[in-house]
Amino acid sequence: GKKTETAPVAPNALVKVRFQTDWFPQPEHGGYYQALAKGYYAAEGLDVEILPGGPNAQVMSSVAVGRADLGMTNGDDVIVAVARGVPIKMVGAEMQRDAQGILFHAEHPLRALADLEGKTVMAGAGSTWIQVVHKKMGIAFNLTPLLGDLARFMNDPAFIQQCFVTNEPFFARQRGANVGALLIANDTYEPYRVMFTGKDYLAKHPDIVARFVRASVRGWTDYLTGDPTPGNRLLTAKRSDLSPEFIAYSIKAMNDYQLVAGDPAKGEFTGQLTEARLLKQIALLQDVGVLDKPVAVADVATFDFIPKPAGK
Amino acid sequence: MIPRLPPIVEFTALQKRYGDGPVVLADFNLAVAPGEFVSLIGPSGCGKSTVLKLVSGLSPWTQGELTVAGTKPRLARDRQAFIFQDATLLPWLTAQLNVELPLQLRGMAPAECTAKARQMLALVGLEAVRDYYPRQLSGGMKMRVSIARALTLAPQLLLLDEPFGALDEMTRNRLNEELLALRARSMFTALFVTHSVAEAVFLSNRILVMAAHPGRLHAEVKVDFPYPRQPELRGSAEFQAKVNEVSRLLHQVEEGSTV
Amino acid sequence: MIPRLPPIVEFTALQKRYGDGPVVLADFNLAVAPGEFVSLIGPSGCGKSTVLKLVSGLSPWTQGELTVAGTKPRLARDRQAFIFQDATLLPWLTAQLNVELPLQLRGMAPAECTAKARQMLALVGLEAVRDYYPRQLSGGMKMRVSIARALTLAPQLLLLDEPFGALDEMTRNRLNEELLALRARSMFTALFVTHSVAEAVFLSNRILVMAAHPGRLHAEVKVDFPYPRQPELRGSAEFQAKVNEVSRLLHQVEEGSTV
Amino acid sequence: MKKMPRLLVWLLPLASGLLFVAIWYGVRLVTGLQSWILPTPLEIIAAAWRERQALLAAVGHTAVGAAGGFLLAAVVGFGTALLLGLSRALRSSLYPWLLVLQMTPVIVLTPIISLWAGPGLPGIITITWLISYFPIVANLTQGLLSTDRNHVALFRMYNASRFQELRRLRVPAAMPYYLAGLRIAATLAPIGAIFGEYMVGNSSGGTGGLGYLVYSYNTQIKIPALFATALTSCLLGFSFVAVVAWLNWAVLHKWHDSFERNDH
Amino acid sequence: MKKMPRLLVWLLPLASGLLFVAIWYGVRLVTGLQSWILPTPLEIIAAAWRERQALLAAVGHTAVGAAGGFLLAAVVGFGTALLLGLSRALRSSLYPWLLVLQMTPVIVLTPIISLWAGPGLPGIITITWLISYFPIVANLTQGLLSTDRNHVALFRMYNASRFQELRRLRVPAAMPYYLAGLRIAATLAPIGAIFGEYMVGNSSGGTGGLGYLVYSYNTQIKIPALFATALTSCLLGFSFVAVVAWLNWAVLHKWHDSFERNDH
């Protein structure tokens, strides 16, 4: 339908948009649920369906083949996928920094990535950060495959594993372990988490994409700074095992680590993607050998939909 | 007695070996005219079952020629029925269904199959155990089911491999007579393996005495008693004379061989 | 002739049904003294194999009593050997190894097993096919392997279920004589099922004629020819008279029954 | 073998189960393992009771995936083995590719599966099918080829068509093999479905099946609940195995020697 | 069945393979799938060549785990089935718990395995064993119970001990079942090892096996390389299957009806 030109419209004329998330519903998707719950999408004329993901969500291929209209994932992955010919493009940031971190017991503190030298880490083989740490920072450690479980971590005070800083530390502490979490993102390597869409969809429906990004950013800001209850209600409806304490922890962690809004001191704001950072990112990926051919920033992202920073 | 028709089974200088084993049949020549009842008799392991297997096309030969109804054995199977030396019943079918099997395979209507099979089971005296599975039958009963199964087919050429060996004399005699009665009605040709000389004499118009190592024809005895033959024939002196003649030939054969 | 010892096999008012099927043996009474050679003869399905299975302890009975060597059948198995109605060879063993099997199971030294088995195979005329697998043997050869296998054990009580049914007359007669010769040496007791009246008369000192529906003893015939019996016995008039007597009894039995 | 009183058939696994539980507690005592590595049976049962609602909802979900995949495997496996049994040419053309299908790690196929079958239930059923399919094919094919050659000769004599030979001889004769294959598949189906939920599942619809719970309890370090989930999956599997055992009895007890009676 | 010329035995799978490849290209053309979903065979082979060093190193690693787990499964499975075949009491005491072992999702046991067996090779072998064990037990047990009752009666008559009956009768008679089980296990072993590397592997020796590569190519979206890894795993599997096929021939061809000869 070409009725999408005018907004807002009567609810029955809302444009259907399918948004693919990368995991089971979780607070790290809270902004989208908040936007849905508070009617920000409807206000933009969109009828958004948030598709839950899972351990093998295939977010990028879902969007690329049109099973979903937009999706969200790690920014690195989009760059790599584009380099491999997957027809997708970033349209806005969800988080300024990826939430990946390293979980450790407080008895064995980890001040910096350099402390990983010689250790064994349970982490996702092939993850970009590992390549960067190995090849760019020259830190050598062994890998053991990453599963969802924390049992071995709990059992072994010397155990180190990859985590989401918004996630695993809560459960480990809840079980009485004294743990710390080190954010992996640093000056050398700071991947975004992004919203992206298929190139075809982008060409056909730039207006919908713009409205989606706008409403989502609004949702995120509201979720983290306002009252998250409406979004959380949707989340817990989809996943009864999300406890209020856990959600609160996640929200606090996203705020504490400035994951979504970034560091205002550096001029960062919610939704922002910068050409400079993406350039640096592409160069780094190429450097460590993850990219086997160069890509242009214009191939991986469009900056047309980045909303104005709040309060400016 | 036997019309001069082209032979239904014709072996010409046939030689048979299993794989690269010893020669089992050597220079085997035999022509069976339609309607003949030919018995094979000979020491254990001389190749009688092999002869039947060749005629049925279940086993290939090494040299020479063999035609059945003028064609390759395999192509003449629809005119044949074979009663194997073992009963070879399907263990998952009852006696009744085992007998129905060949009829069903020919696409006969179910009701007709049932009726026909019942009738044949009655003929071999097994009406009462129609619904028994093979493992519930005695050795002789199994063999009788197998006989009933073969006879349902009303074949032109019947191959019988010691069908009555596991039966008591009385049942055996009765089935001998039934077999001749059936033959009188449908004039099938029979190739019959047996170890009983009396049975061979009673049934056949020709008896082939085989020798072993390698299997070969040793002698041929014509039996000219007219059909239909009555049970009383068994008591006659001519009958006894024939039996003695064949037995003597058989002794010759066996004395000549070590096994 | 037969010493007055306690019976080695004793049936007392025994009744046998398979599961909840019909009565297969009714009011069965039989005492076999050590050293006797008892033949069972009767129509197909009358329960002869069942009698042997009961004696060997392979099948339980329903009512009455049965002792073998004064104890439960199952406990007397080490004194028995059983020649089944089917050859029951293990398909993965050669003829030689099939014959060695019971010896090996008794823990006999390998060299002795081999020698003994060869000797028994020679006795049944199968030296030449020692290394054949069962599927390469003819029906009669398989049965002979099975006989050789049972005889290696030198049992006190031998159960034979139509062992010679698939053999030609000559081989059969020869094995009959071998059997008697073995018995002369080791004085085993034999329970022998056969359909051949002449064979029963030649071998046994007692013949039991059974009737069917339900299986039961119809008549008993003593055969008083002295052992060792010579082949010439078969030609004698007394022999023929005995055969006729048993045959007559058998006819009585079978005429009385429909099956 | 002697007939066993019916009661014993139930008592023995219970007795061995008690032994097993005793060893379990022993291991806990001796090794000093924590409950987040190896919870005690009591802890597991308590957790199962606590989480009964989540477990019940999830097991329903997983049961559908497992049953779908199992049935598909039983039917398609049967069909495939028939094809393979029908002719040697078909066998040597198809078997190697079947092996390739079986030996390709499912994870490689996941994107295609979630694309073609769709994520959620269709994908889960496909993965369950993939996992439980081959044991059925391998067994039934072996069974079809193991037919007694005397029976085959009989059918040859009747000029039975290949198809008749298959339907009336080889298939019934191969039933013990097929049923053994089904028994293996029955134990694979629930883990297949859980694995499938892991690979292509999502929690749309509010519940995500046992695979989702495994994930969820695992990250929350609710280890007793995790074992309770495994227990639930075993119970699901047992219901499949019970169906196959019943089938086995129904098809074979009348004639097959694996149903020995004392009464020869 | 007619005997097939030896050449055909090789040509037919090739021919069907060509057909298969043609269909593959057809699917690509018709559905417009990109190589990051379904690479073409050529792309896969090119990737295999490009990554040959990584693949070779990895396949060696995985082969050790797979072979170890397979052998363990073959041996322990044999032993278990013997126990189960030995007496009905043992069978009804043990079988349910074996099913529990088989039906417990491996992921639940991973922490224990990596704790007790240790991560790396021992853990991988344990997981491979767990995955390929049950088909062997289930099949061999069915085989041991399917013995011809006339043969059993024969052994009873010889007063053979349970053990003799097992060793000299039931085991040889069950060989076709055991070998069918081994064939299934042979196809499961490489995927089991890959899965094990996924679960408890580590890259301490410098390579992490095919499971590591699968993970790594998958996250790096190197899809042709991922398929090349799958291909390598298939080749590994084929070598296992070939060993079993040879064993099957060696054990059965002399006497079993699955080795029909034309010559009856």
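Read from first to last, the chains carry the letters A, B, C, D and E; within each, the first residue is number 1.
The working rule: a residue touches a chain if its C-beta (ideal position, glycine included) is under 8 Å from a C-beta of that chain, and two chains touch if they have at least 3 such contacts.
A quick note: this is a predicted structure, and the numbers were derived from the prediction, not measured.
Here the chain-to-chain distance from chain A to chain E, counted in touching steps, is 1.
Least step count on the touch graph, chain A to chain C: 2. With angles rounded to a multiple of 5, the C-alpha fit of chain D against chain E returns 180 degrees of rotation. Seen from the Cα centre of chain C, the chain whose own Cα centre is farthest off is A. Contact analysis places D-E first among chain pairs (by count of C-beta pairs in contact).
Annotation: 49 Å between the Cα-based centres of chain B and chain D. The geometric centre of chain A is 38 Å away from that of chain D, both derived from CA atoms.
For the pair chain A and chain B, the distance between mean C-alpha positions equals 84 Å. Here the CA centre of chain B is 27 Å from the CA centre of chain C.
The set of chain B residues touching two or more other chains comprises 18, 58, 86, 135. For chain A, the set of residues that touch two or more other chains comprises 61, 65, 147, 149, 151-152, 155.
Taken residue by residue, chain E touches two or more other chains at 37, 107, 111, 115, 149, 153, 218, 223, 256, 264, whereas all remaining positions touch fewer.
Partner chain C is touched in their complex by these residues of chain B: 18, 21, 41-45, 48-49, 85-86, 125-126, 128-129, 136-141, 144, 161-162, 165-172, 195-197, 247, 250-251, 254, 258-259. Contact residues of chain D toward chain B in the complex are 150-151, 153-160, 164, 168-169, 172-173, 175, 254-256. On chain B, the positions that touch chain D within their shared complex are 56-58, 77-78, 80-82, 84, 86, 88, 90-92, 101-102, 104-106, 133-135. Interface residues of chain E facing chain D in the complex, by the touch rule stated above, are 1-2, 4, 8-9, 12-13, 15-17, 20, 33, 37-38, 87-89, 92-97, 99-100, 102-108, 111-112, 115, 134-135, 138-139, 142, 145-149, 152-153, 176-177, 179-180, 183-184, 187, 190-191, 194-195, 214, 218, 223, 226-227, 229-230, 233-234, 237-238, 241, 256-258, 260, 264. Touching chain A in their complex are the following residues of chain D: 33-34, 36-37, 54, 107, 110-111, 114-115, 119, 197-204, 206, 208, 212, 214-216, 218-221, 223.
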